[in-house]
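What follows is a single structure, written as C-alpha cells, with notes after it.
The first chain written gets the first letter, and so on, giving A, B, C and D; residue counts start at 1 in each chain.
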Amino acid sequence: MSGSSFGKAFNITTFGESHGKGIGVVIQGCPPGLLINEDILQNALDKRKPGQGIAGTKRREPDHPVIVSGVFENQTTGTPIMIFIENKDAKSSSYNTIKSLFRPGHGDFSYQSKYGIRDYRGGGRASARETAARVAAGAVAQLVLDQFSIRIQSFTLELGGIRAQKTDQLHLKENNALQCPDPEAAVKMEDRIKAVKDQGDSLGGIVQITATNVPAGIGDPVFDKLDADIAKGLMSIGAVKAVEIGAGIQAPLMTGFENNDQISLQGFETNHSGGILAGISNGDNIIARVHVKPIPSILKQQNTIDTKGNPAVISTQGRHDISAIPRINMVCESMMAIVLADHILRQKSLK
Amino acid sequence: MSGSSFGKAFNITTFGESHGKGIGVVIQGCPPGLLINEDILQNALDKRKPGQGIAGTKRREPDHPVIVSGVFENQTTGTPIMIFIENKDAKSSSYNTIKSLFRPGHGDFSYQSKYGIRDYRGGGRASARETAARVAAGAVAQLVLDQFSIRIQSFTLELGGIRAQKTDQLHLKENNALQCPDPEAAVKMEDRIKAVKDQGDSLGGIVQITATNVPAGIGDPVFDKLDADIAKGLMSIGAVKAVEIGAGIQAPLMTGFENNDQISLQGFETNHSGGILAGISNGDNIIARVHVKPIPSILKQQNTIDTKGNPAVISTQGRHDISAIPRINMVCESMMAIVLADHILRQKSLK
Amino acid sequence: MSGSSFGKAFNITTFGESHGKGIGVVIQGCPPGLLINEDILQNALDKRKPGQGIAGTKRREPDHPVIVSGVFENQTTGTPIMIFIENKDAKSSSYNTIKSLFRPGHGDFSYQSKYGIRDYRGGGRASARETAARVAAGAVAQLVLDQFSIRIQSFTLELGGIRAQKTDQLHLKENNALQCPDPEAAVKMEDRIKAVKDQGDSLGGIVQITATNVPAGIGDPVFDKLDADIAKGLMSIGAVKAVEIGAGIQAPLMTGFENNDQISLQGFETNHSGGILAGISNGDNIIARVHVKPIPSILKQQNTIDTKGNPAVISTQGRHDISAIPRINMVCESMMAIVLADHILRQKSLK
Amino acid sequence: MSGSSFGKAFNITTFGESHGKGIGVVIQGCPPGLLINEDILQNALDKRKPGQGIAGTKRREPDHPVIVSGVFENQTTGTPIMIFIENKDAKSSSYNTIKSLFRPGHGDFSYQSKYGIRDYRGGGRASARETAARVAAGAVAQLVLDQFSIRIQSFTLELGGIRAQKTDQLHLKENNALQCPDPEAAVKMEDRIKAVKDQGDSLGGIVQITATNVPAGIGDPVFDKLDADIAKGLMSIGAVKAVEIGAGIQAPLMTGFENNDQISLQGFETNHSGGILAGISNGDNIIARVHVKPIPSILKQQNTIDTKGNPAVISTQGRHDISAIPRINMVCESMMAIVLADHILRQKSLK
C-alpha cells in the first residue's frame, strides 16, 4: 500500500535505503511554471547535513540532489518531479557486525517482524537518511508557499533538558550550531552534549516550528484537519514522540476562558490555538512543537537479543549524531511546508 | 477532496452536522462474516453519551445507531456498512442568537473564511457531535480487532490540572463518572469541576489510551507509520492539542541509554517506545496520550466580533459540557481501534 | 478498501443494497455556495426511473432523494453531502426461490466466491439499483459543470442490433421511450423489444454520451487520463462490456493521416480523438460510447447450479427490464458528469 | 494530484519524460521475499523494445533497468521498489524544428492548454516512452501473480484492418514480428505495413489480452470493479481508443439467452463475460481487447497551427514506428498484470 506517499493535492512518494544506490522523491501536483533549480534544493539539503556542529557526526554526506524529471528549462512543468540523491559515503561493511543483532530503540526487530527480511545496512528504509528526500520535497513545497509569502521557521526550544528562555529574537539561532535563539541556553546545551558524549550516550529535545502568513481557511473538516495532517507529518519523522499544536500540553492546564483566543477588531488577542480552529487555519501563525527522543545509537553497552533469540550486548560504534537536533529542525520545517502546500492547493479546488 | 475519509484498507467516511437530519459513517473494507448488530453499536455509543456524570450536559441525545447497509442476517457482507444516527434532540432555535457571532475557540471564523458560508447551528460539521460517527465506526473496527484479541482501553490521567497518581488498577475507573482509576484524584477532579462550573468556565485534561495484544509488525515505513496514523487520528478529534506516543514528552528528558527499551529473552525491558519502533509495532502495548483543551463554550463573557466585523461580547448559554473528558475517552479509543484495524488489514495484504 | 469511492477532488462514496433499507451517496469536495434542492435531484432520478416505456419493468420505485447533510438553506456548504434514497418498493419474498441458485450473467457466483456470504435479495450490492446513487451524485456534479456551461447528453445509438442512422437531431430522442433520435430506428427497436419479450429474452445496445463546452486542459497525464477515468467510470456500470472514446473501434480501420484531427485556424477539422489528446481535453466535444449487454434476468429457462453444486434450471420471473437501455443512458451521463467535475476541480488546484 | 499513480494495494507511481534524464517507477505494496533481479526486468523490457520487426523504428533504446531501492540480496523487502531507466539514445536536437508546432494526434496542444508550458522534446511526459516504466512495474506485478500461477498473454488480433482468423494456436505468434498467431494474416499485415510506410502513413489494430488461472473472487463492487480497473489501465495507454471485456462489442448483438454464460457442473459453458461477473472474477479466463489508433507521427504532410496561432504544415520526419503494434502488446500485458496484482493483494486483506 502507499505508505511512502503523503499528501493529496501536493503528493509526494519517497523511496530508498540508507546504504542502497540512493534515495529520492517523486512529487505530484506541483503547479507548472515555478522557477526551480538544483541550487534551491541543495540549499535546503545543506541545512540538514551532518558533520556540522557539536551534535553532529563526522560522516560526510555530499547529498547532491539531481532533478530527474518534471522540470524543463528551469521551470516546473506540472508533471511528476523526481529528485534523486545518490548514496556516496555509505560504508556497508561497518554494519556487518550488527547484522544479526536487534538494536534497542531502532526498527530492526519491528521490521523483521513485519517483513521477515530486512536490509540491515544502516537501518535500510528506517534510516534517518530518508528524511533527505523529505527536505528535497519540502524545498519544492516552499516554492508553492512562496506565492503566498508563507514562511516557515523552526528553532531548538529545548535540548537535553535545557530550555531556551528567550525565543523572541529568532535570528540569534544562527549564531550557534544548535539552532537555539537563546545564546545562554545554547552554551549550556553544548556543555550538556559534551558531557553526554563522553559517556557514550545521547540526547533529545524539543523543536518549535512556526509558519507565518498562512491565509485563513486552509485545512479540511473532520479527518484532514490541518492540525491532524501536521501531527501525522511531524510524527512520521523518525525520532518524534509527541506533537503539540499551539498551547499544546499547556492547554489542559488552563480554563476555557484562559485558553480561548478572544477576538477583537485587531484579530485574535492570543494564539493558544496555534493558528488553527476546528482544523482550519484562522490567519494567525501556525505553531507546532515536536518532542524528539535521544538518538538510539549509543556507544554505551546495552542488552539485546540476536536474530536467533540469544541474549547479547551491543555497543554502536559507527558515526552517529549525539542528538537529532539540530538536523531534525529542517526536516520539521519541510514536513510543515509539504502539509501547507497540500492544503493550499486543496483549497484552490474549492474556489 | 476526501477530508472526511480515513484509513486505506479499513476506510471510513463520515458525514452530517450537529443540527441537520443526522450524522453517519460509511465503512469500507470490513471483512465479511463478522457478527454484528445494532446493540453492539449502541453499547459503544452509550459510552460517549452526554448527560451522564458531573462534567456532562443535560442534553439528552438518544443516539440510536441504525445499520443501513452492508449487513445481512447479522453478518457483515464485505460491502460498505452505512450506520446512521438521527438527530433527535437538536434545538436549532437556541443557536439563532449566535448566528452572527464568531465564538472564541470554535471553528466559526475559520469555517467562514474557508467556505464563505457556514451552518452555524450548533457548530454544524465542526460540532463534537460528529464524533458519534467515529464511535460507531470504532465499534466495527473493534470486531476486526477481536479476531486478534486486541483490546483498547483509555482512562483519564489528568483533569483540570489534577493528575491521577495511581493508574495501575484500571478497573477502578468505572467507580467514578470521570473514568479516572485513582479514586482520590477523581474526587479532587469533581471538586475542581464544580468550582469551575460555578464560575461559568470549563476544563481540559489528559487521556491515556492503551492497546494490548497488538501483534508485532503492524504499521508502514516512512509516512504511514503506526504512530503517525495514531497521531493524525487522535489530533483530528476536535479538542485535542497534543498527542504523545509512549514516553512522549518525557523522552527528551532522558538520555538514549535511559530511553532505549533494552531487549532480553523476556522481551523489551521497558516500554518507552509505546509499542512502536520505526513506525511499526513491536508486540508491546501501544500507548498514546492526548492533551485535551477546555471546552470553548463557556458562560463567562468573552470578547469577539460579529460576522460584519463589529466588536461584540458573547456568553454561551446552551447545554454544554464542562469538560470533553470523559466523553472524549471513548472517541479516542475508537480512533485507536480504527487505525489498528486499518493496519491489521493492510498487513494481511503483504502476507 | 475504498472500492465504492470514485474521484479525487470531487469524490463520491456509495452504499446500499437492492433490498436493504436504502441506498445513498456521500459526496466530498463539492465547492460551497452552489444552489441545490431535492427537486434537482428528483429530476435527475426520474430520468432513470423504471416502469416507463416499452423496455421497462412495472416495478415502481418512487426513489425520493433526501439531502441528509452538507446543504444549508439550499446551498452547498463545502462539507460532505449525503443523499439517501429509501428502498420502498422492494419485495424480498420474491427472491427467496433463487436464494440458493447462481443466476447466469449475474454476480451471484462471483460474490459468493469473494465473500463467502451474499445478500441474495435482488442482487444485493450488485443490483443495478446502486446506479440511483450515481445519478444523484451526477446531479450534484452537474452543478459544478454548470459554472462552465458544460452540458452532457446521451442517446441510444443501437438497440437489439438496430442502429440509429440519423443522430444529428438529438432532441428527437424525446419523442420515443428509447431515447433514440432516429424515429424510424426507434419504431424498429420497439418492434424488436416486443418480439424478444414474447420469447422471454432480453436485449442490449449502444449508448453515445457527449459533453459539450469542456475547456481544453482537463485531465492528467499517464494514469488519470481523462479518457482512462471516463473508461473506468463507464465500465463500472453493471451491464457495460466495452467503452469507446471518439472514433473508438473505427480508429484502427483508418490510417494515421485519416485518423489524425488536423488543425486549422478554426480548430480541429475532425473529432476522431473524441475531444481528448494524450489524456487531456482539447476543447472539442468529449464523445464516448458504451456497449451494453442484454439484461441477464430472463424468463427463458437456463442451466445453472445451486450453491451446493447441484445442477439446476432457472427462469427469472420477477419484474425486470427487457433492456438496460434507456435507463442506463442517464447513468452514463451521470458518470461522465462525475468524471468531468472531478477533473475540472483538479485543474483548479494547478492554477 | 496523484495522476501518475495507479493501484491501491499494489501501487505504482511513474515519472520521467522522453528526452529528460530517464524514466522510472516507484512500486509500493509489493510483498517481501519475492526473488527478483534486473534480468527479469530486462526480459520484460526487451519485449517492448523498438527497432525490432517491420513495424518498428530504427531508434535504438538500450533500456537498461536499474533497481534502485526496495530489493536486498535479490529479494523484495516490502519497501518501495524504485526502478530507473536512463534515457541514452534521445536526440533532442531533432525535435527543435517542431518546437513551435502542435502535432495533430499528439498531446502538444492539450498539454499547452493545461500547463501553459510543455517539454516539447519527443512529447515529453506524453511520449510512449513512459510505457517502459509500466512494463518494468508489470514485471514486478507478475512476480506476485506467479504465486498463483496466473499467466498473462496477448496477441495481435487485427492490424491495418486485416484480421487474424486462427487464434487458437497462440504460440505461432512467435513466428512473426507482429505477434499474430495466424501466419497467413501476419503475411498480409506485413504487406499492408510496407504499403502504408511507402505512403508516409501509419496503421492501428486490435490486441487481445488473456489472463489464465485467476482465482474467482477478485475485484471490488461498484467502482473498483475488476473490469473497470482493467478498462482504466488499458485506456490509459497512449494510443488506445476502446476497451472491450469478454464478448465486448459483440454483447449487444446477442440476446440475454445467447450472451449469458450458463453454468454446468463443469463450470461456465461459455465465456462471454470475459471471466468477470458484476465486477468480480468468476474463475474463467479474463479476456480484454484494446483498439489501437494508428501512430499519429507520419511523414505525410498535415495541416496544423503553430503556438502563436498561425497556420502551418507539418511532416514528422524522426524515427517513428508505423504501428504501435506489436510494441503495445507487452504494455497491455503489463497493465493487466498490475491490475490483477493489485486486486489479488486487496482480496488478501479481506480474508
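Definition applied: a residue touches a chain if its C-beta (ideal position, glycine included) is under 8 Å from a C-beta of that chain, and two chains touch if they have at least 3 such contacts.
Computed from a prediction, not measured in an experiment: that's the story for all the values here.
Interface comparison, A-C versus A-B: the higher number of contacting C-beta pairs is recorded for A-B.
For the touching copies subunit A and subunit D, the fraction of interface residue numbers used by both exceeds half; the interface is of the same-residue type. One inter-chain figure worth recording: subunit A and subunit C are separated by 46 Å, centre to centre, where each centre is the mean of the chain's CA atoms. Note on chain placement: the centre of subunit A and the centre of subunit D lie 39 Å apart, centres being C-alpha means. Measuring from the averaged C-alpha position of subunit A to that of subunit B gives a distance of 26 Å. Multi-chain contact residues of subunit B (touching two or more other chains) are listed as 1-5, 8-9, 14, 29, 32, 78-79, 114-115, 125, 221, 346, 349-350. Looking at the complex, you find that subunit D touches subunit B at residues 8-9, 29, 31-32, 78-79, 221, 345-346, 348-351. Residues 1-5, 8-9, 11, 13-17, 20-24, 26, 28-29, 32-33, 66, 68-70, 72, 75, 77-82, 84, 114-119, 124-125 of subunit A are the ones touching subunit D in the complex. The touching residues of subunit A, when paired with subunit B in their complex, are 1-6, 8-9, 14, 102, 104-111, 113-115, 123, 125-126, 130, 158-161, 196, 199, 201-206, 215-225, 227-236, 238, 241-249, 251-265, 269, 272-274, 276-283, 291-298, 300, 302-305, 309, 311, 346-347, 349-350.
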